[in-house]
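Input: a single structure, listed below in structure tokens.
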Amino acid sequence: MKKIACLVVVVFAFAMMFSTSAFSARKTIIRIGINAPMTGDIPKVGEGSKYAAMLWLEDIEKAGGLEVGGKKYEVDLVIEDNESKAESAVKANTKMITQDDVLAIIGPQSSKQAIPAGEVANKYKTVMISPWSTNPSTTLDRPYVFRGCFLDPFQGPVVANFITDEFGFSKAAVLYDVASDYPKGLAEVFKEAWEKKHGAGSIVAYQSFTTKDTDFSSQLTKIVKSGAEVLFTPQYYNEVPLIVRQAKDLGWKGPIVGSDSWGSAETVELCGESCYGLFFSTHYAAAGAKGATKEFIERYKANYGYVPDDVAALTWDALHLAQQAIQDAGKITGKIETDRTAVRNALAKIKNFAGITGNMTFTEEGDPIKCAVIVKINDKGEYEFYKSSCP
Amino acid sequence: MSALLNVNKMTHYFGGLRAVYNYNLNIKPHQITGLIGPNGAGKTTIFNLITGVYTPTQGSITLENENIKGLETNEIAAKGLGRTFQNLALWRHMNVLDHIKMAHYSQLSYGLIGSFFNTTKCRQQETQIEENSYRLLELFDIKQHADQIVTNLPYGAQRRVEMARAMATNPKILFLDEPTAGMTPDELGQMIKIIRQVHQDFNVAIFLIEHRMKFVMELCQYIQTLVFGELIAEGPPEVIQNNPEVIEAYLGKEDLT
Amino acid sequence: METARKFIKTFSNVPMLGWLIGFFAAVLIEYYWGYDYISYYLGLPKIPVLFGALIMLKEPIMIPGAIAYDLIVYVIPILFIAKVSIFFTNRVAAVLEKTPLWMSAIIHLAFFYGVLHLWAGINDYRVLIVKLTLISIILTISINVINGYQGEFSCSHPGFMAIGAYISSILTLYFFVNDKTFGTAVLSSELGPWLFPIALIAGGVAASLGSLLVAIPSFRTRGDYLAIISLAFMFIVKSAVENLNVIGGARGMGGQPDYAPLPIIFIWTILCIWVVHNFVTSIMGKALNAVRDDEAASESMTVKTRKTKMTAFMFGAFWAGIAGGLFAHVLAYINPGMFSINRLAEILAMVYFGGLNSIIGSIVGAISINVLGEALRPLELFKWIIIPLILILVMIFRPYGLISFKEINAKKLLRSKHKREQGA
Amino acid sequence: MEALIELIQYIVQNLINALQRGSFYAVISIGYSMVYGVLMLFNFAHGDIFMVATYIGFGIATLFLALFAGFIPGPLIFLATIVITMFLASWIGVFVEVAGYRPLRSAPRASAAITGLMIGIIFETSILILLGAKRLSFPPLMESIAYNVGGVYFTNVKVMIIIISLLLMLALHTFIQKTKWGMAMRAMSYDFLAVPLMGVSINVIAPLTFAVGAGLAAVAGILYGQAYPILDPYMGVIIGWKAFVAAILGGRGSIKGAALAGYLLGFIEIFVATIFPSTLRDLIAYSIILLILTYRPRGFFGMEHSTKLRL
């Protein structure tokens, strides 16, 4: 008994001695949460978000902290992995809000995590900006949830109009992943927009597959035989190369058009020459970018060795939005609830924010009004600006 | 006295193979009947046919003048046909007491809902069954093993558990499939005693398959001899003992005395 | 070693009530002094949420502080109070022992819940973890009925869960919520929390009806082939939901009302433990084990094997459905992708880690995997190396899981330790 | 008439598609089935062994192309890649057996299955840690040329995949039927307990089985890399579960059955998507499997066996 008592005392004393910050007052630190998929289906998206956030933090640290109301505050990033799972995203958000006292949250990127995570953020009255989630439900009826990109119902018609204007086609085919919310939603919107333009039955093949499929030959055979002139496939960068190659092997001659999910640097890296000359709609074009956009791309490339995806660019913008909102809020009181509400109100008021992915003004719902870009993959494999379409 | 169990002209084919042909059996209450025959003669098949593991191709089976052919094994068992197995068929992860309790399954009437919510009826029945089970354990001299997992028991005790379990189903006829297989002479004597005791105390008829002649001759009142799925002789032990056909076909030159 | 044994022996006369009081004291200390004094002087930014595990892994410099916090707030008060209070707690326990077991159990549980509520209430993140852990407990127990007690290798549990989650969500959304899928609420939303159990049970019943699709083939098919059938069932459910655009399809279904606060989930968990415990300790339930160990012998011992198999599947699926319903209402969002291979791997890990054929094992398994998964969060990727390694080690050294073939003995658990000491 | 020709074109086209897809399932599920037959274990790590093997193949192929492209003929590089990858991958199989399954010889089968599942997760995470989140593109080992014969499109790669898979299965069949080791494996799948009595150690046969299975997975991986050249750490999961389905659908320990079931799976996937709306593909495909097993509870070539889960 005695020994144990001794042991306890020793351990305790030891602990006290080595607790570096013992007896120091709690500092007010501005914490920004990043909720991103570091593992799971789309780890590359998580990586892009993380790198963009690290670049942003670098800037802040270089400036000696974030200046709010004339006072500089230390900034800390809390990066949580949501494993690309909905419940994990909810856990991560709850943790960051209630345990880490974050002032704002950036992420989650995909809608399937952003929708439930947004519920949590809204419940705790904490600003959440999802950079990449294009599903309308993410921000619907949630005053504290914002996003950094345009919505599916906007993107679908943009692509439909572009194809009609550019090629003059009237028969289109769609190939999408039925088990994934983003492609499915966009495919539906596109179909509706196309049929509105060209009449019912103008989508001659509407084919689907399931997440993680790698063989699309059966669907593509149907599409080739259907007599479609153009193929629209709103898929992710890991599926696009397979679809494009298999389509060509099966005798597809027409153009293939994609959506913002193509916007990863990996698409063309994995796809190679097969993808040259194809078009897709996205948030920004890396090749031929100017000004701040170019600067960001070059810094990112220098640090991490590749051209940043749209996710990285959008995350960068979302972080700057949050930064501006915090600065606009005027002061940090140290009472986290008050500060969060102040940041929210400031964010909603931001007008014509000049982001690297375009100018943004938020609607009532917290969705930005911004332009979509049609990008062409040029003969060097770069994403070249082709056209832009504004609401 | 009318027959307890009556099997009439039972024939069974496995695919094209004839396993049992024209088999007749008539067991009277409180009778001990033996079924002997060389390996592969179809003795266990007959057990399985009567107990409903297989349904015979032809023939009829009645228990107390009631047809039991085509019923499920558990229904036949619940009607009063208990059995043991040649190679012990015990439940490997269950203790001895639970074995005996489990065999009372057909006597449960509290239903699933009763078991979910542990109703009074359920508790009463379970207590009663437990008492009954302890009585059986005592009778078979395995009460000291009640809490043990059955696979940790010595072989003889496992055999006794199986017997006790079969008796817990409250059978009218007990089918014993080579009850002494793998036993030492010591245990053998004990088994004879147990079977006699069961026969007395529970007033059951017994139908057994056996290899050891001494055992059969000592216990059985009536013996059937089966060769290649057909009966070649039947009668009281003395008759079988002296039947030249049996001696030739099955017993060979073995000294019976 | 010797010291440790002596140390443990010192506490052998502390009854369950004593530990609860110790825990209560610890929570009170944390509640009143945890933030302002203890964590402040130890240099911790806040009350550590999972006994400091998160903060220790994220900032190793905090390790001494976090350990000291655990010692000051939990270990020392619990041990001290538990030991000091025995003169009192043993007497109370002895009094409770004379009352019917259910009463004693309810008093203990109510006290336990009170303490748990207070502990979790310090931080909503804790509440969420406790909620999801309790749901996992229901889930693990329910799969143990099929994979442990009944001994089939069933892979369809995420499917059952999905059915429960969707049916109960549809009911609550249709009746009590104004939303864009089903329009305005049919009934007053105030009735919602009261009628929520009916929605949950409807989900459970639907799941158990769905399980017939797996249960009926199980009459003829055993083991490995059944594993495939159940796997196919899981994919069928997922694919069916994806194709039903009425309920959101792949986009999922959100906006479930918050009808599942901690006390409700706690009650359902206790109900599940109680009912499953009753079942598996009754002869009717032990028939599951009999059928698993030897089907032919069971038939011959009058056990209705078909009914037994069907019961196992339907019963297990029912609770999986309940768990799914609670899960949907905790997250307020579900999509078919949640009920797929990943979920299956997680459920299987929990049940085989905890132990087959044992409710207490399932509880341990569910808690361990959940807490481990949360506590190792700061390790990011390495978490998914450490957890599998722990599981492999458990499988090697305890092939049936940590605690297997063991049932809860409430009487023994709750009894006073006083008399035994005197008697010895 | 025209319509008929078009229909035939359509069917032939999909037959080729299905043959290619089925070849992968067949080759991978054979590896699964062998372990299942010999040890009566679900090797849930098999999908991830396939994934690791594909990554190894990627490494070897990239290395060889960098070193020898130009002065060594393409087919030779291809062959060398296959052989060396097979060799290296088989050690992965041996490792999995020795580290994961051997300590569990006497444990319940389900525990071993869980171990396999966990080894799989460790493989996935390790690759993710080692190589990062970036996906890799498998370098083409032969130039893809598309042919159009009477309206049916196919590439030389497709034909090669189908032929190599068939040859591989033939070679395996010979190995199982003719060699001493093959016979020991067969014996083991007839009777798990008797073979050790005959002087063949299970501790030799089991790793060998895993090695052969992993070797097959390696070839499948390289061919897969040619057909679907995107590698990611989770690529083995779905294909592993599908191989599991095929292996058991084929009947316990039956190589023939596994191959047949693998092709059947390929055909079901392709033709269901062809005939029905493709959104219903999984629903219908798995319903078909469920029905097959309900009415044929022993798989295609399954023997009557009384093994239960050793619980």
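Letters A, B, C and D mark the chains as written, and numbering starts fresh at 1 in each.
Here, a residue touches a chain if its C-beta (ideal position, glycine included) is under 8 Å from a C-beta of that chain, and two chains touch if they have at least 3 such contacts.
Please read all numbers here as calculations on a predicted model, not as lab measurements.
A.B. asks: Among the chains here, which has the CA centroid at the largest distance from chain C's centroid?
C.D. replies: B
A.B. asks: Between A-D and A-C, name the chain pair that shares the greater number of C-beta pairs in contact.
C.D. replies: A-C
A.B. asks: Go ahead and note the Å separation of the Cα centroids belonging to chain C and chain D.
C.D. replies: 37
A.B. asks: Taking the mean of the CA coordinates per chain, how far is chain B from chain C in Å?
C.D. replies: 45
A.B. asks: Of all residues in chain D, which are in touch with two or more distinct other chains?
C.D. replies: 125, 128, 237-238, 279, 281-282, 311
A.B. asks: Residue numbers in chain A touching 2 or more other chains?
C.D. replies: If we look for residues of chain A contacting two or more partner chains, we find 38-39, 178, 210.
A.B. asks: Where in chain C do residues touch at least two different other chains?
C.D. replies: 238-239, 242-243, 292-293, 381, 384, in rising order.
A.B. asks: Quick one: do these chains touch in a line, a ring, a star, all-to-all (complete), or other?
C.D. replies: It is other, because the touches fit no line, ring, star or complete pattern.
A.B. asks: What pairs of chains are touching here?
C.D. replies: Result for touching pairs of chains: A-C, A-D, B-C, C-D.
A.B. asks: Would you mind writing out the residues of chain C in touch with chain A in their complex?
C.D. replies: Chain C reaches chain A through residues 3, 7, 10, 40-43, 45-46, 49, 54, 61-62, 64-65, 67-68, 71-72, 76, 123-125, 128-129, 132, 238-239, 242-243, 249-252, 254, 327, 331-338, 342, 374, 377, 380-381, 384.
A.B. asks: Which residues of chain D touch chain A in the complex?
C.D. replies: Touch residues, chain D against chain A: 6, 10, 13-14, 17-18, 20-21, 125, 128, 132-135, 137, 144, 146, 148, 153-155, 158, 227-230, 232, 234-235, 237-238, 269-271, 273-274, 278-279, 281-282.
A.B. asks: Quick one: which bits of chain A touch chain C in the complex? Just the residue numbers, please.
C.D. replies: 1, 3-4, 8, 11-12, 14-24, 26, 38-39, 80-81, 85-87, 90-91, 94-95, 97-99, 101, 111-112, 115-116, 119, 124, 135, 137, 178-181, 184-185, 210-211
A.B. asks: Any idea which chain C residues touch chain B in the complex?
C.D. replies: These residues of chain C touch chain B: 275, 278-279, 282-287, 289-290, 292-294, 296-305, 311, 357, 405.
A.B. asks: What residues of chain D sit close enough to touch chain C in their complex?
C.D. replies: Within the complex, chain D contacts chain C at residues 36, 42, 100, 103-104, 106-115, 117-119, 121-122, 124-126, 128-129, 237-238, 241, 244-245, 248-249, 252, 279-283, 286-287, 289-290, 293-294, 297-299, 302, 307-309, 311.
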